[in-house]
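Before anything else, here is the set of structures, which you'll find just below.
Shared between the two complexes below is subunit A, which has subunit B as its partner in the first and subunit C in the second.
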Partner chain A sequence: MIYEVFRQERKGQAFQHAGSIEAPDERFADWYAREQYGRRGESTALWVVPRSAVREIDDFVDELNRNYHRVDGYPLKEKLKEARERAGTAPPRDR
Partner chain B sequence: MTEQEQGFLEYVQSGGQVETDDWMPDEYRARLRKFIEMHGNSELMGVLPEREWILRAPTLQRKLALTAKVQDEVGHAQLIYRVVEDLGKPREQCLDDLISGKAKFHNVFHYPTKTWGDVGVIAWLVDAAAIISQKALLKCSYAPYARIMKKICWEESFHILHGRDVILTLMNGTDDQRELVQEAVTRWWGPLMQFHGNPIPADEDPMLVWRIKSQGNDEARQQFLDGYVPQIWELGLTVPDPALRKDEETGRWHYTEPDWDELMHVVTGHGPKTEERLDLRRNARENSAWVRAVVLSDAA
Partner chain C sequence: MSERAQLLLEIADDELILGWRDSEWTGIAPFLEEDVAFSSIAQNEIGHARALYELAARDLGTTADELAFDRTPDDYRCARLVELRLPSWEHTIARHHLYEEADAIRLERLRASDDSEVAGLAAKIDREEVYHRLHAQMWFDRLAREPRFTAALDELRPLAAAILDREERDGHSPELEELWEEMTMVRRSQPAGTSW
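What follows is the complex of A and B.
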């Protein structure tokens, strides 16, 4: 069985993928994970997950162009420039 | 080369990285697997020259440190074989090919460890040479390999500290101890100079072309000389190569051409300790087979 191991470097931080190990069962997986990713005090905690339990999603299609979810959906710079010009408050270099 | 292969080549050459499930050309997969497998074999075989000294270490502290180093290296072999497995070759098969003599491992692990001085030189200079090669893999186009290399390089840095500490302790000791170190440096210099391999022009080295490595063999050797020859000299040790000197203008080191025939002879399984160490692996595997059988059936 292959297990994916995630480790947390310090309390409060996000767990990050550390690598994978091969073990016959969960008990061995825990010990191998400890030895590989925790014996130098480099982790405060580990998550050990059977690889088969990890589901990957990597297709992020955006057919409707829902740009309101993204930073590039808000062209504030241009609009602010126009608004400042309208109000007569644009900085000198823009005048 | 097909259009898809050409696209892949351009992608990796522009710094692109590949994951396990991504499409990759057969040649790339084959080269990657062979190279990484040899790396795994070297980690596993690399503990044997040091293992011989665990029982003979001069102090308890040294014994523990050496045991920990051996554990680190075996751990590296496990991590690396995992990467090979995801590329399609099971670990059991890697071990079969290793002990049958079909697969290769690094030249330096085919030599005897005569004295405690050799143990120091291995941890200091052999690991230094290895860390230079391994750092050049941190940017490997195959991302899973590059990722584990970060952890491996981090642990190797402890080994160099351990090696330097052993060497400095001996150098601050008696004349006999200093002699021990000098003899070891003299013994290991040839294999160390061969370690990074014969020079291959960058555009003809498939490992560079596919961006599996990011540094040529000769460049790695220059980096090793530049980093470590001054450290050897400052301790009053000498290097057994009268031609060795640095050209201050070009910054390049000149040296006697390493013995490439010896390198080829040794890595193809004819080193002074090749057979003995493979036998040890073979016996260990046979003698521990019942443990695996019991544990695995218990786990299943």
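What follows is the complex of A and C.
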């Protein structure tokens, strides 16, 4: 059985996909997940999900080319710059 | 040697030698996830050995490294069970199960000790051993009805008594000497300029 493992780096953060493991059952999956994604203190929590429970969707229809659904026509950088100039504020310094 | 130092050395030697034996599966365990898991268990056992040696070394006026590597094989106090080179997985898991079972009882006793240093260290070690026991139990449950596994258990079970009973620790198997040669090779060779 393949299990997908998601890990949370800090409390409150979103879980992100960490990788997948092969294990004969849930107990082994939990143990192996803890070992591979939690042993170095890199995670505060893990989600261990059988791959069969994950439903994948990979068909996205856009027959009529409705590109107004997309955000790539709206570069924010320019607008932000103009707005800042109008307001007379400097961009925040690089952190 | 004090009773305390003697006890610490017995346990430390068990953990060091078992750690070495378990580490022999690194790279060749039955599958990748188990390889990582079992190697990590091996590493933990050696970590426990180090902590125990450090405590013993203080009592004996020496260092953990000297205790781990500078004694002759005859001076080691480990049980025969941990010394054996077991190139079959069912034997390895059988030993793992038998050892963890006995080690749990031993740690329970140490945690109840009046000696706060020993009790504290045992509690610390036990927090990692919880996961080793889970691991041993998973494998046990999975293999419990496999004849090869039950035969291995029957074969090794008589050796498990020595983990808890000093009287049963009667000398070593010839395999310890071979392991010792390997384990101390680098240290004995003292490459030029090394100081440990």
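Things worth noting here:
Here is the rule we use: the second predicted complex is superposed on the first by the 61 of 95 C-alpha atoms of A that agree within 3 Å, B and C clash if a C-alpha of one lies under 4 Å from a C-alpha of the other, contacts with A are read in each partner's own complex, and residues count from 1 in each chain.
Following the convention adopted for this analysis, contacts are C-beta pairs under 8 Å (C-beta built on N, C-alpha and C of every residue); 3 or more make two chains touch, one makes a residue touch a chain.
Bear in mind that the values here come from a model prediction, so they are computed numbers and not experimental data.
Partner contacting the larger number of subunit A residues, of subunit B and subunit C: B. Of the two partner chains, subunit B and subunit C are each touched by A:21.
Contacts of A:5 after superposition: neither subunit B nor subunit C is touched.
Applying the stated contact rule after C-alpha superposition, one finds that A:48 touches neither subunit B nor subunit C.
Once the two complexes are laid over each other on the shared chain, residue contacts for A:36 go to subunit B and to subunit C alike. In the superposition on chain A, the residues of subunit A touched by subunit B in one structure and by subunit C in the other are 21-22, 24, 27-28, 32, 35-36.
Interface of subunit B with subunit A (complex): residues 21, 71, 75, 78-79, 82, 85-86, 91, 147-148, 151, 155, 295-296, 299-300.
Residue ranges on subunit A touching subunit B, taken from their complex, read 2, 17-22, 24-25, 27-28, 32, 35-36, 40, 56. Those residues of subunit A whose C-beta lies close enough to touch subunit C in the complex are 21-24, 27-28, 31-32, 34-36, 39. Taken together, the subunit C residues at the contact with subunit A in this complex read 31-34, 36-37, 40, 131, 134-135, 138, 142.
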